[in-house]
Structure formats: C-alpha cells, structure tokens
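Two complexes come next, and they have one chain in common, chain A, joined by chain B in the first and chain C in the second.
So, the complex of A and B:
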C-alpha cells in the first residue's frame, strides 16, 4: 500500500477474544466489501473468527472482552509482552461492560444460577487495563467498523488517534434529535464520550454510556438534573452502573 | 420595501409550485415533550401539508442550512506523487419557509463574519445566494427576549416575510426573485383594510413580549465582573455538552479534520461545527489546554456573545431566541446569567 508515493509498512495484527459476546470481532469481519482493502493495509496473523492462522508475530493486538479467569490473565499478559501496541476494543475490554452486571451478586450464586452444579472457574470481571497496560481504547458496544477502520489508518500512518473528549449531546444536537430527557426518558449522553453519532437518542432511546465517560464529565450536575426530573435513585443507579463506565460517581458506591 | 397580500389558498399553490423545482425546508413536528407540546424542527418538506405554519419555536435554529453541522470543504484524489483537489460550492436551490425575524437577524450577523470579513466563506455564500427565505411573524413565547436584543423585526436578508392577517398573509417583499414568484400566484395590492389588520396584528405581537434582558451596559459589566463568582456558580452546573452552541442561530465556531479512505486513494477535508464550551475546544498539540475549566469556557461563551462581538461589530451575537436556555439541561440561559451579573453589580 502506498500513500502519496510512500510505501507504507503493513503491520501484523492479532485479534483476541476473552469474555464477551464476540460482537466486536464480528464488527471487524463485517462489511465484507471492504475486507480486501483492510487486508491490503494490515496483515492479519491471528484472528480466530476469520482465519485458521495462529501466528505469534503480531505487532498490534486487539483485545475483545473482559478478563474473568486466571488463564485469561496469563494469556493476556503473554499477548501484552508480544504486542507493541495493545488496543482494548469495545465496552467489555475498556470498561468491564455488560458482564459486570454479575458483580452485583455473589459469585457463587451467579455460578449456581447459570451452571447449576457444573464446576466452572471464573473470577471477578476486570477490564483489560486492570490487568495490563492499554495503549488505545476503542470504545463502543459494539465497536463500529468505520471507527475501527479510522483507527487502523492512524496506526498504519503512525498518527496518534484523537477520540472526541466531548459528550454525545454534541452529535445528538447535530442530528436534530429531540432530547429524550425532554420526553421523559433517561439519558447519559451528557457524560458519555461522543463518536457514535448519538445512535440511541436518534432512535428515541436514552444513552446507556457504552462508550465510557467523556473527559472531565460533570457527573454531579447530571445526576442532580436526573433527580430533579424525578428519576428514582434505583433507576439512576441501574443506568449508571450498566456498562460499569462510571464507577464511583454515585454516593452509594463510594 | 414593497408590500402585497396573498390568500392562504394561493400561498398553498405557491408552496406547491416551489416544491416542483426546489428543496423546500420548513417547520415540522415529530415528537412531543412531557407537557404534550410538539417539538418542531426545520426539515425538508415534501408537500404543503407537512408544513406547520402554526409552529411555535424550532428546537434547533435553521442555521445548519447555511452552516451545516458537517460539510466537506474539499475532496482529493491521491496518486503516486501528487493530488487533485476538488471543491464544490454549488448547492441545489433551496427555499426555507417560516423563519422568524430573530433567525433572519441571526443570518445578518453571520453575514458580517462570513461575507464581510477579509476572507469570505464561499460555502456560506453559495448557500445564502441559493436560498430563498420566506419569513413568518409570530406572537412571542414566554421566554423570547428578541425585543431586548433589537431583533424582533427585520427589514432585509429575506425574500418574503409573511404576517398572518386572517384569511391571507400580509407580505413584505425584499428581492426581485421573490417578487416574480409571488406575482405568479395572484398576489394583490394592499387595501386599506389589509393595512389596518396588519397594524392590529403587529400591535398584538408587540404587546405580548414578557421577558426582558437589560443589555445597556452589558459589555462594560462583563469586564467589571470578570472575576465574578457567578461564573463559578453557573459553570459548576455546566455539562460542557455544547448543546447551547449547536441549537444557537449565531454560533459559528468550527473544527476541521482530514481523513483518507481505506486505500489512501481519496482524502477529504471536513468542517464540523463546534462549541467553545467543549473541553476539546482549546486543546492544542501535545495536550495543552488553554481553557481547561468549565466555568471559564462558559464565561468566554458569554464574552464572545455580549462583549467581543459588540466590540467588533457594534451588536451582540445573540438574537434572544432562548433556544440555548431551552436546550440546556442545567438551566443556564442568557436571561438567568445576565440578570445574575446585573444583581451582583448592584450589590
């Protein structure tokens, strides 16, 4: 691949699944018409969903899912050692994600409920950054293919990607959406990192915060506003804790 | 200025005629708020029936039809050694129906910056030139303070401006094109009776203004109260969400970003509207941020509106529509902030 006559290096990429629904990996495999171009840009050497290659010489590792077992911890550390750049990909890897809901219950109760008497080895839900150093977080539940491709272009060119620091409201207003808070629905858009084009409010759903907090988010003010609008503490807590994006922002969990 | 009248029936025919060759934008409602009020916005209409001439206020201003939230400034075809740039200023002829006096005055303010500066904005110019504006009078809402900003009436910057006088519209005409179009639909000379009705309606409108904002010495006050605690008070509530600037008819700040396609054969230079309330606004290379505090960013938004712009153009960069106040979840509105400033000064 050439960029204005300059030949670009074709970095070797590995995509690895941990505890999650694999939806983020599926996003990469989606949009088949672009796959050939993507493979021209990067060499995929380890990605179970699309190839049987299992090479260990990857330079960039994409991590999908949260970390729950000891064997996952060991595997992640090994990947970290090999990868020059490690990207946590999606809400599970960046935040703990939906899986974190189980942290509300005792682990033994959860195991009994789901697996009955089968023995299962699982620990607390951890985001990737709880275990190893993360270089880049690619947010979303799931990630979006255009944003993934945008990131890959940056990686190939060696430019630091700049994700928006501002919250979802900006994009929401730009799409001329009605604010769902005016319509009586809960929304975390004012404290959630933009970049999804406000897809949930666009469809008259509030934002759940899947992209994690915007930078310097004013949680206190938003929670005050939600209370004033009559949302109950339970409702607020339910929403705020859903993706584990805002741990510590409610007094109850301080 | 020329005046005529057109019956509502003929106005409908005119809109239908305009729909044949133009993209027509007008107020439409889609959702309702908790109080059961319709939420309006300026959207493309496909038939006269979709147009809601009795709308109150559009949630967002129609500025995006002149300064789009996102637009490609240039596209590039990249080859081995060089690139070819393509720039398009052309737009399809457009008609916007139902703009308020404040929104047209907002465009006149934008014109100062976009057309009359050292580097005029050709993209804006193309949209301004190819858009026929048909304005529409209304009775002010509870919180409209355009009167205080001297933007409740407008004398230029539009094609036609309508005032509802019962079974017909009283029409102010401000461009040749508009005149020619109007005359195709049996517009009539203004009768004495029309004139009386028009005056009555105008008086009625005038009597309905409730909200006042005192801006007499505001620019000075802003300097005097530069360190005022009120900025912290409001800044503490501010979500730095940028909603105020997005819905505002006069905010024009933007960012520019460049990107290529996946094969590095095409590139785009894109402009998107921005807000000085956003954390990223004053961030520069290597992470330094000139305005890291929310309350300072909020202060500077007000400074630009009510002091900086006054200094440069002898007018405020605000038309008193209170859209920002409505959109702000934290309850920050020009009226509340300015009243607070005046109160502190009097203490």
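So, the complex of A and C:
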C-alpha cells in the first residue's frame, strides 16, 4: 500500500475486551463514513465483537475494559507477549473508570449485594497498566471516534502520537461555547486533558473528567472556584472521583 | 428408512463471536443422547447495583449509561424515568418527544449493527462485515448509510450515541434548534430508501426452520408501539403494572452463568423485538406492517431466528415514526425542556423497551437525594433462560435429523446471535 508516495505495511490489529461495556469498541464499528478506509489501512485479525476470524499474529493490541479476574490477567499477559504495541483504550482500561465506584465497599459486601451467597469469580478493579506495560493510553468514556482514527493513522505511519497536553477548557473556548461553570454547572474542564472537543460542555453538561488530568493542572485553583460557587465538598469529591481520574487531588485523599 | 442420529459430538465454543460480551456454547452428545448443552454467560460482573449506592441522583442516569456501550440511551432513560416517577415529576412535552426520538435512534443503530455486522455474515458465508465491503459494496453502503443516520440523530438529540450527554433528571440539558431538526428530517428522508434495500436483502436470507413456543413479555403500548413506560404484558395473558416488575421477572441464580435468569408462567420467557412485535402488532406503523408482510412475518411466530426479521420491521417503525415526531416538534414551542425538582425520600421504577427487550431500573432515594438502593433487570438477563431451552430443543432435533457437527455448531451460534444478546449488560 502506498500513501503520499511512501510504501506502508498494513499493521495487523487485534481488539480485545475485558470487564467493561464494550462501548469503546463500538466507537470503532461506528466510524461509518470512513470505516472502509480504516479497515483498508490496517488488517483486523482479531476483533471478536464483529468478526469470527481469530488470528494470533496481531502486532497492535487495543484493550477495552478493566481487569477484575485472574483469568483476565493471564489473557492480558498473553496478549502483551504477542503485541508489539499495546493500547489501553477508554477510561476503564486507562483508569479503571466507573468500576472503581465499587471499591468504596469490601469485595465480600459487593458480591453479597448482587449475588447473595452465590460464588462469583471476581477481584479488585485494576487498570491495564496495573497488570502489564502499556505503550499508549487512548482516553475517554467512551473514546472519541476522530481521536481513534487519528491514533491509527499515526501508528500506520510510525509516528509517535502527541496527545494534547492542555485542558478541555481550551477546546471549549475554541468552539465558542458558553461557559457552563458561569452557568452554574460543575465542570472539570479546566483540569481535564483535551482531545474530546469539549463534547460534554458543548451539550450543556459540565466535564466529568473521563480523560484524566491535563498537564500542570491547577486543581487547587479549580476547587477554590467550585467552593466559591457554592458547591459542597461532598459534591466536588463525588464528581472528581467518578472516573477515578484524579486520585490524590482532594485533601480528604491525602 | 435409516435414521442417522448423531452418535457423539463435542462442541466447545469459547467467547462466541459477533455478539456483545462473553458467552460460551458447550454441546456434548454421547451415545446419541444430549449429555450437555449450555449457554454459559462467563462475562465478569461489574456490580453496578453497588456502584450506584450513595451517589447523588443527578449522577444516576450518567452512571446507568455506562452499563452498556450499545444501549446506553435506554439505560440513561430507564434510570432517569425511575427517579422522575419516584419524585412524581412530569417532564415537559418536547423533552419526552426528544427522548423518544433518541430512543428510536438507538433502536435503529443497535438493530442495524446487529443485522448487518453480526447476522448478515452468517447468510453471506463470511466471517465478518469486513470482506463484504469489497465483495458486496452495495450491502456495506446500505449498512453505513443507516448507521450513519442513526448516530447522527443521537448526536444531535442527546449529544452522543454511546453514553448520551443530554438526558438529565427533569428533562434535557438542551434542545436542538428548529433548523437542526429540519436538517435531520431531510437526512431521514434520504435514508429511507436504504431501509427498503435492507428489506430486499433480508427477503433473500432464509431463516432456519425451528420453533419452540414460549411466553413473550413486553411493554404494552397505549396508542403508540411501546418504548418508554407502560404496562407489562405476556403472551400467556399476564398483565401487570410497571411497578410490579419484580413479580414479572422473578430473577434467580444458576451455577453455570454469571447472568441471573428469569421466569414467569413457564420455565423461561423471551423479550425483545419478536415479543414486542407479537404483543403490539396492532400499533406498528403502516409502513412497518408493509415491511412485515414483505418478509412473511405475522404475529404469533415463535421461531427465534425471526428476531432478525422483527428487528428489521422495527427499523421501519422507528424511522417512519421519527419523521412524524420531527415534523410535530418543528411546529411546537420547544422553549421548555426541563423542570426543577425537589428531592425527598422515595422510590421508583422505570421500564423502557431497550433494543433487546424490557429494561428495568429501580432506585430508592434518601431525603438528601442520594441513591440508597438500585436494581437493574436487563433484557438479555430475561432472554438467557429462553436461549438455554431453545438450544436444547434445537440440538436435540438436529441430532435426530443426523445433522453434521459443523452444521449443528453453525445453527447453534446463529440461534444465540438471533437474540442479539448484550452480555456485558446482562451481567452488569
């Protein structure tokens, strides 16, 4: 395959799901306009949700979901061994995501609440990097379709992807959105890594921080502003902890 | 006549492909008898009922959405509805219309994903949609056009198709402008011809011949084919109110599955497109009825492979009804799309027809507006038992017919796929 006169190899790609909602994989299948171009650019050799083909010769592995069982740990390690590049895809894989909300309770209480005394094979919530080395983190809940495509183009061309270092707030201003903080909504846009095109504030919902912290984020200042606007400590903590993206930020964590 | 009964067989499918989530099919035949036949849901649970505990109610629909990447709009709607019913909030008319439109967008996106990406490869003898893009580009184009419209509609109506942004307790975070609704209506018109192409495609697919009469459970519509709220009915004559969902589902736990199973009047029941179609045929849009006739699909069918066809009929329904809803909204005053509410101690249930069947969310709320207890009963939960019994009957019949192992494997996989199981969801 040639692109801009350069001969390119079509990298072999595998997409693997663990504990999660599989919404990030769905974002890939939802790339309607250029799905064919995308599938021409790479060779999908293992993607259980949409294909019965299952080959083990993938070079790049995309991991969807967090890790909660021993069998998942073993499966993930096997994938890591095979893949030259391993991408953690989405908030569950990168951060543990909303799954961490259950970590507020003991594992035995968690199981009893849902399954009573029945035996269930589960363990603590781990992000992918807690188990194996991760080469690239593609953030978001769910991942953004354009950003996924942008990443794949970089991988095909062999260029290291540079994710935005600045916060969502910058993108939000670029889109000329009205500031939801000014409208009285809580928003973590000033401290959350950009790349989502400020989709939540655009739709009149404050940012929930699903993409994790931006570089040099000024948490103290944001929390101060939120307090001034009358949000309670409890309310702030609830939002900051939702995706497990900002551990250690709140005084109560320290 | 020689009977060619299958003497021995061992099928062990780990993580069935082209379904959402992780499920295994195990079939073992010994001495011509079925020794084991299981549909095992091995998905790892996430314990959403626990995650909800202690959260402010405003977070509930946002968390609920994360249960499923495909039907997240349904989850957000069921959770919001549970809380709104608990607090006795009536959301403004335009907001309920936008919610229903978003629901329709999700139904279209989910059904078309299933029909094209998960089901069609079986009938075209390919492992996935990927080779179809080259071998049958017009099929791929049809799939892409329909899915594109469905996702574009969801993006406009509630911000995003996966994990919607605009659904909040009391209504919506914002409402699309009239101009945008007009453009969406135009896009809808341009998409409708692709639905008819899909109909032609599926007319050419012969669904396997298999029947197991079962109880079919769905919402019952009032004036409209049901999607959001209403009475619960079954084809065995049970009728209950939305609040009585527990006695309609009767969840129980089994050893071989992390998904709870359910039952009502018999050993299992089924929910989803075929149940809705059978229980609410009279309320389908005339164009959907026309599509059903084209597929030879009539109420009273109990062939689970016909789930595929019932989903296609529903695609027609949601498209044509969306057009009517859009035109109505364009002429309406849409300035009020959300209302304020006060929290208090209460509890409520929200039932919604997700693409794969009835979905229930229950929330108990404290005086401070925190979730004290949550319960979710998922469509695939309710179908897993029915799939299990279907699989038994199917395999037993195929053994007696002396069907080859490969064919038994193929038809078993297609049976499970027809239900379009959403396994992560069912384990939640």
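As a convention for this text, the second predicted complex is superposed on the first by the 251 of 254 C-alpha atoms of A that agree within 3 Å, B and C clash if a C-alpha of one lies under 4 Å from a C-alpha of the other, contacts with A are read in each partner's own complex, and residues count from 1 in each chain.
Heads up, the rule we're going with is that contacts are C-beta pairs under 8 Å (C-beta built on N, C-alpha and C of every residue); 3 or more make two chains touch, one makes a residue touch a chain.
Keep in mind the model is a prediction, meaning the values are calculated, not measured.
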| item | value |
| --- | --- |
| Combined model on chain A: chain C and chain B, fit or clash | fit |
| Touching partner for A:4 - first (chain B), second (chain C), both, neither | first |
| Touched partner set for A:225, first chain B, second chain C, both or neither | first |
| Chain B versus chain C as contact partner of A:29, first or second or both or neither | second |
| Partner chain in contact with A:204 - chain B first, chain C second, else both or neither | both |
| Chain B or chain C, by number of chain A residues touched | C |
| Contacts of A:114 with chain B and chain C, given as first, second, both or neither | second |
| Partner chain in contact with A:182 - chain B first, chain C second, else both or neither | first |
| Angle at the Cα centre of chain A, taken between the Cα centres of chain B and chain C once the superposition is applied, in steps of 10 degrees | 110 |
| First (chain B), second (chain C), both or neither touched by A:169 | first |
| Chain B versus chain C as contact partner of A:149, first or second or both or neither | first |
| Smallest separation of CA atoms, chain C relative to chain B, angstrom | 11 |
| Footprint overlap on chain A, where chain B in one structure and chain C in the other make contact | 204 |
| Of chain A, residues touching chain C in the complex | 17-27, 29-30, 32-33, 35-36, 39, 44, 47-54, 68-69, 72, 97-99, 101-102, 104-105, 109-111, 113-116, 118, 120-122, 141-142, 199-200, 202-205, 208, 235, 238, 242 |
| In the complex with chain A, residue positions of chain C that touch it | 15, 17-22, 44-47, 49-51, 53-56, 59, 62-63, 66-70, 72, 109, 113, 117-118, 121, 127-130, 133, 140, 144-145, 147-148, 151, 158-163, 165-166, 168, 173-174, 253, 258, 424-425 |
| For the chain B and chain A complex, residues of the former touching the latter | 30-34, 39, 41, 43, 59-60, 64, 69-70, 78-83, 236-243, 246-247, 259-260, 262-264, 272-273, 275, 278-280, 283, 292, 294, 327, 329-330 |
| Contacting residues of chain A [partner chain B, same complex] | 1-5, 8, 34, 37-38, 40-41, 149-150, 152-153, 164-167, 169-170, 172-176, 178-179, 181-184, 189-191, 204, 214-218, 221-222, 224-225 |
